[in-house]
Amino acid sequence: MTLALIAALPFLAALLPGLTIRAGRTACAATSFAASALAFLLLAAKAPAVLAGEVLIYRLDWLPALGLSAGFRLDGLALFFAGLILGIGMLVIAYARFYLSRSDNMAVFYTYLMLFQGAMTGIVLSDNILLLLVFWELTSLSSFLLIGFWNHTAQGRQGARMALAVTGGGGLALIAGMLILGNIAGSYDLSVILTKGDEIRASSLYLPSLVLILLGCFTKSAQFPFHFWLPHAMAAPTPVSAYLHSATMVKAGIFLLARLWPMLSGTPEWFWIVTSAGLATLLIGAKTALFKDDLKALLAYSTISHLGLITLLLGLGTPAAATVAMFHILNHATFKAALFLTAGIIDHETGTRDLRLLGGLRKLMPVTFAIAAVASLSMAGMPPLNGFLSKEMMLEETVHAGYGPAWLLPVLATIGAAYSVAYSLRFLVHGFFGPAKPTPQKPHDPPFGLWAPPALLAALVILIGLLPMTIAAWLVNAASSATTGTAISVKIAHWHGLASPALWMSVAAFAGGALALAAYRPFRHLWDAAPKPDAKAIFDAAMATLTRAATALNDRLHDGSFTRATAIALATLVATCAYAFATATHTAGTRPLLPVTPIPAIGWLLLVTATLAATLHHRNRLMSLLFVGVIGLILSAGFAWLSAPDLALTQITVEVVTVVLMLLALHFLPKETPRESTALRRLRDVALSGAAGLGLAALAYAMMTRATAFPPISAYHLAQSKPGAGGTNAVNTIIVDFRGYDTFGEIIVLGIAALILFALTESLLANGAATRRLAQFAASRPEPAGDRHPLLMVMATRFILPFALMVAAFLFFRGHNLPGGGFVAGLIAAIAFVLQYMASGLGWTESRQRIAFHSLIAAGILTAAATGAGAWIWGLPFLTSDYGYIHLPPLEEFEWATAAIFDLGVFLTVLGAVMQALNSLGRLARRAGERPARTPYDIDMGEGL
Amino acid sequence: MIRRLFPHPVLSLLLVGTWFLLVNKWAVGSLVMAAILATLIPLATHAYWPHKPRLNSLPLLLAYIALVVWDVILANIQVAKIVLFMPRDRIRSRFITVPVSLKSPEAIALLAGTITMTPGTVTADMNGDGTALLIHSLHAPYPDAIRDEIKSRYEARLKRIFE
Amino acid sequence: MTVILSLLLVIAGAFGLIGSYGLIRLKDGMQRLHAPTKASTVGLGAALLASMLHGLANGAGFSWQELLVMVFIFVTAPITANYLSKLHLSSRRADLPETGTPRPWGTFDATLDDEEPVLPQRPQS
Amino acid sequence: MTDPIFAYALAFAFACFGAGFLLTLARLLIGPAMADRILAVDTMVVNAIALIVLYGIKTGMGLNFTAAMLLAMTGFVGTVAFCKYLLRGSVIE
Amino acid sequence: MTHAIILPVVLPAVLAPLLVLLRHRLPLQRALGLAGSVALAALSLALLAQSATPHLYRLGDWPAPFGIVLVLDRLSALMLVLTATLALIVHAYAVATGWDRRGPHFHALYLFQLMGLNGAFLTGDLFNLFVFFEVLLIASYGLMVHGAGRDRLRAGIQYVAFNLIASTLFLFALGLVYAVTGTLNMADIAVKVAALPPGDHALIRVAAVMLIGVFAIKAALVPLQFWLPGTYANAPGPVAALFAIMTKVGAYAILRTVTLILPAASPAIGPLLTDMLLPAATLTLLVGAIGTLGARTLPRLAALAAIASVGTLFIAIATNSPQATTAALYYLIHSTLATAAIFLIADQVTTRRNGTLTEGPRLPAPLAALYFATAIALAGLPPLSGFLGKLLILDALRGHPWLWALILCSSFLMILGLARAGSTLFWKSTEPVEAKPQTLALTAIATLLALLAALTVLAGPVTDWLALAAADLHDPAAYIAANGLPLP
Amino acid sequence: MELLIAAAIGLLTACGLYLILRQRTFPLIVGLSLLSYAVNLFLFASGRLAPDLPPIISKTATAYTDPLPQALVLTAIVISFGMTAVIVLMSLGAWLTAGHDRTDMDGGDDK
């Protein structure tokens, strides 16, 4: 529980700065500090048990299906790292309070910092490797925010993105690696995995797992060739650099190498990959550091170099080397954090971090100089400071490594150490010695708050250096015992005798380093003249290329070409259907065929001709529409012939309304479709649509010529139409009874369509571009023929309207038993009113009698719904219908059916929807300059209506 | 009240008749239904037929319809002959102006319709104040005769029925 | 009865065909207008009459509904003809006879469009 | 009704209206004016009504009769709409 | 219980027309509309609580397979809850931002949309699924062009046209299914297809592919995804957010198809469908991830991220094992909420500046924070549910190294894309003036993220429940039995 | 006869799709209409062809055509009508706001 709390405390504290900032900057920093301190104390409370060799585990179920648990583990390694994170964290928090300027948003800074601290603490305390992954990626994310804290600068933004790309990307590889590892071990809990080292190393998946995990570790801890992001992360405020990029985040990779050391190390693969990466990083980092003028850049590369050193040690695979690694981690954390904070002080006080512009600060900033001297000499490996101790031990280990020829690794390590001496001394010499140079600000020692944290660290450097066995050995023992799984009792000494090769390597390194610094100028010229790959340029170019390629692909794919999208969809569907058909058995149908008789054949000929004509003449839009009308007519007749009278009625009426609708729209649209497809494209379209057509024809034929394997459900509908639903028209009983729910949905579709038309019309009438074009259209319209409302038409309409409504009523009432029903009735009524619109115009008609079509639609849907819900009263499901017979003398017995009320709903909705549709288009026409008529017909009969 | 309820009584009667044509059977129930509809529908459409046409005599109107039907049948044979047998370049088609003295729009419409339905002639247009009809005749060697026949045979009767 | 029915059917067929044939044979648009608006209607009328009688003949009873079809055809055919004529007229105004009144034929009467754009009031009742 | 005379007469009527269908199709395709094509479609509707009625006589079922009635009642709406479009542009004005 | 199943359909179907009647009173519409959304949320939760065994609702009291039935099982209940939750939040957002005022009938269309969605999730009848597809689609057309505007209308036409083609395809498939099996009830089709004579196999397979094609268009699987970016990017922000559930309708339907209606266990179908889905899913993920990196505007980026999430989802669906289905369902919930959040954020951005990924006026800091969290969710990074969803999917895909590589590489591309977009939009600002944040609107977005957080924290119980749902799907015996049909 | 119907379905589909691919909204709408005719016919045909067997229950009838596909086609016709109305007005709106009626965006809609 305490473990979870330690990990959670920073996260909880991340919520506070936003609130406490109102109480001032100090309060803001204080809350963060207090949380870290509390966590540190909790950790310290657990320390004795852990140091005694206990492993504390706390587990909370999270996602058991996956094996992900909130499992925490406190052993020596975790204690060691958690202590570092929280301890240095407190110092950085304190330092940042004074470092940040008033213009910086401190609340945000501390929020990010605490998020990061939590993530980091989480990593080292995780027992479950999936949980570790969660924290791992969180460090990438929070460091993204921290690096980009000064996001008004391009460096800040770019550095943040680069760090995220590299560490986040590595994290993804790590996910894969960890999942494989967990799969091999059969658990994601370290407690289990730690016991399965042999199985893991023997597994065929060991190598992929190892490579993926190492990718994660190397990217995070800036190992070659992924080291390039770290210097660019220096765009972050210096406290961030000190914390993330020296003491903690970059050590997450190292931590994981140590954590997984018992399972993964000890194989040649591990040895060669890890050691080589470490070695390369060590050398490249060290060499580059020497030539960096920016203090933070110098420190960044030196960090890379030291991380390489630690990686190298872990790569060697021996407990002794691992122990040295732990010790160096501690030492590096102390002196490097101190150096970063010092660099921050220099930057803060002088206004520059450029070594070329600095000099002679020794006198101006004596306190700072003292701290810098201790820390940098430790980094250089100067006895008796702590850096010297671990460096000597490291050099000793390289001698026993067996990496290629026996001399190779010691020599290379010595060269690395020499560089280390050189850049450490350069930091000190070029910055603090020599003549004072003019700097943007007049330098002097900073306030206590700024120098106290690095001073504390410097004190640690000295203390560990002087009394390693007292101050550090127990911690190193605990950490390395936990790392290696063997009890370690380290012996740290300053003097190993003259026979120790490390001594001579050390001496050589010092001599070499001092020489290098003495001959800095010629070296620098050589360096500047040598061609160097600019990692940032390469990375940026790679990213830009990737992004450009992605943009190009995306633009090409999703360029809004509807026709191409359709063509691709068509090709895909045809191909997949053909494949599906071809890969199974198909037997031809055996149903007897209907003979071809003359009249249907003529009808077919008309249909086919009209279809072809509508397509061939499609550029003449009106003509095309006329042919479509013919198709509709033939289909109606065809339905009548094929025993579908209801369909015939519906098709006839829908056709009429559709034609009117299309003509209304065509009035505004261009009358011709331009010829714009190339021959090749037309050929493609013909091929595609032809293939689809052929396929469907074949399917239709196959379908019609075979008998169903099972009796269709419609047998029930036929049998139950009269006794069950009370109607003899089986189609109608299906529509209003058996599948009334479909119809309910269908009228709602129609109602929605009408609402859309209304809404769209409103929007268009409020749209500047649309109304402008309508006005333009009105002005440019050719003079139409006179007599817009001919008398003959008006008179015929006056006659037809009531009769049509009568017919509608008739069809409505008989629908349950004979062809007809609410839908057709609604359409007929609508057509009758449309006729009235056509005869006397929208304006005149509506001025005589305005019908709220909206309300009609709403009433229709509500009626249908109410009918359906009425069944609930009797405890029956929605849409359960009932029917019966009533006898009222002297009338004949007649049938009642609730389905008729439902059908009334259908009627109202259809009528309202169709009228609303035409009304909407009519309103647009009105805006195009058409005026409402004063009289029902144009012939002036002197009636003055 | 009655006027308000039945704005077009003749129409209402016709609608009742129509209902029976539709249901195709005689029953009291149908009559009730027909009566309800024949009342409601003219009320619903009254707004679009604002004034009530004058109808002097229903029998005369029925007689007129019978006359027209008879004319349609007879004259159709003539048109058939023309279509089938008359060489195309001997067909003398022409437009004829028929002055109209009818005032009721219903009557004018009926006249125009009659002209169209009786074979050989089609009402093509009407002038701006409804005082002349433009007739197209399929084969009119003597246009004046056609005009006179229209005026005497149809217009005169309609005048008596509607005015 | 059979003979009457058969006769009616023959008449129906003959006139129906003549109507459509006229559509092909006649040479000018206005002429073609005559054929279908009437020949076809007589053909259809005969067929409808046959249908009415047929119901009587096969015992289903005399069917009255056909009358309605006839009525609708009679009412709508003149409108169709009127509109199609206007369509023809609008492309050939030269050889039309005078109206004999000051107002031109409706198809060319521009004054009909120039009325006051005033919405009529609801009828007071 | 199985009388051969009646059957022949019915077949004759079917043939005539069927042929009429083809003739209207020809006019529809050759035009030349839009009015001619519209007229052809209008005539097609009349022919279709007749065919439906004849089919009703043939099968002795009056079920499709309503379809014929609807075609007669609404078929001309399309014709008028097309004409009105060509004459005035707007169908509902 | 009895009539509660139909209420998610009937309630909006009644409320929406009432809103139409109240079309001149916006405050009343808002109150009633939101009340409707709240009621639907409560209702769906109540149904979820009772979904342990499949419940049948026989519309019109006709027995299956002759009448239409609704079937409430865990999956449909889950979809109802997800829809209602999302809808409620987005509805509040639309009101808060005044989007509902930009054209008439917003609330009515919105409720109709919910009705269509609920109907589609509940129905046990294939043709009725078509009908409710149409309801939800036509409502979505209305919402899509809400407020009109040039690009929106043009994109809308594509959306409508593409879906009309899809609907046609649906009907072709339905015709074929009916012609071969003689039934429309989903469970009955399953029963019949299992017993289909071999001579009919080819036809039913074609129908199966057509159905999957229809659903794949809805789900925006490559190469049927082209309609999505234009549609979503041009739709009003809250509508695009609601549309996050639309692709899931396709996913839902495909899940039903491959587990119940036309399962791989049936000899006629075999692995046909999943074999087709997997390559499509991988391509979808790739196209979406690349598009996320390459997008030029935030709405487009959101749309392509939505496509990527569909790809991930379908990799799991195509794997077609109970474990993978559990992962798919978890990811489905996550991606719906996350996608909605990014669309709402895109809306917040585009109402303040144009959506192009170039520097512009400074955006409110809370919005930046919400973007950051949403980006984390979309990229599948910890700590939000996207990470857990991806882990679940990866775990279910053991032994498929290429799929692992694909999923992880896509995540990488999305990280790059989202980071690029975020740093440009929120960090690279020209004017220091800070626009006033719309607190209510941001709260709505934050609520979506809070739900993601809850989904993360409660991942254990949630996946346990989803595992039950997945088990139901992979053993549809109870579903078929609830229809009163004999097991195949 | 089945062959003729199948051919008609195929032709309507092919022509409909061809028109849909024609880059302008009006042919698109016409194409969608043809497509919907095709699918209605197809759906109808799923009940097989049966002249003279109307689905009206009567004592004299011995057999009926399958009524279910007819009911389905009815639903399909209605829905397709609603959809047509919507896309027609949307096309009009697009034309009025954009000044052209192309269905394809001009190479990426938000560049």
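Residue numbering begins at 1 within each chain, and the chains themselves are lettered A, B, C, D, E and F in the order written.
Definition applied: a residue touches a chain if its C-beta (ideal position, glycine included) is under 8 Å from a C-beta of that chain, and two chains touch if they have at least 3 such contacts.
What you see is a predicted model; the values in this text were computed from it and never measured.
Chain E has its Cα centroid nearest to the centroid of all protein Cα atoms in the structure.
Taking the mean Cα position of each chain as its centre, A sits at the greatest distance from subunit B.
Centre-to-centre, using mean CA coordinates, subunit B is 11 Å away from subunit C.
Chain centres here are Cα averages; for subunit B and subunit E they lie 61 Å apart.
Subunit D and subunit F have Cα centroids separated by 23 Å. Shared interface positions of subunit D, defined as residues touching 2 or more other chains, are 14-15, 21, 34, 38, 63, 69, 73, 75, 80, 84, 86-87. Residues of subunit B in contact with at least two other chains: 18, 22, 47, 50, 112-113, 123, 125-126, 128-129. Across the assembly, subunit F contributes residues 20, 25, 38, 40, 42, 45-48, 52, 54, 56, 68-69, 72, 75, 79, 82-83, 86, 90-91, 93, 97-98, 103, 105, 109, 111 that each touch 2 or more other chains. Under the contact rule defined at the top, the touching pairs of chains are A-B, A-C, A-D, A-E, A-F, B-C, C-D, D-F, E-F.
Interface residues of subunit F, counted against subunit D in their complex, comprise 52, 54, 56.
Those residues of subunit B whose C-beta lies close enough to touch subunit C in the complex are 4, 18, 20-22, 24, 47, 50, 72-73, 75-76, 79-80, 83-84, 88, 91, 93, 95-97, 99, 112-113, 115-120, 122-129, 131-132, 134, 136, 138.
Touching subunit F in their complex are the following residues of subunit E: 127, 131, 134, 138, 141-142, 145, 148-151, 153-158, 160-161, 164-165, 167-168, 171-172, 174-176, 178-179, 184, 230, 233-234, 296-297, 299-300, 355-356. Across the interface of their complex, subunit C is touched by residues 783-788, 790, 792-793, 796, 799-800, 803, 807, 843-844, 847-848, 931-935, 938-940, 945 of subunit A. Contacts from subunit F toward subunit E in the complex involve residues 20, 25, 28, 32, 35-36, 38-40, 42-43, 45-48, 68-69, 72, 75-76, 79-80, 82-83, 86-87, 90-91, 93-94, 97-98, 103, 105, 109-111.
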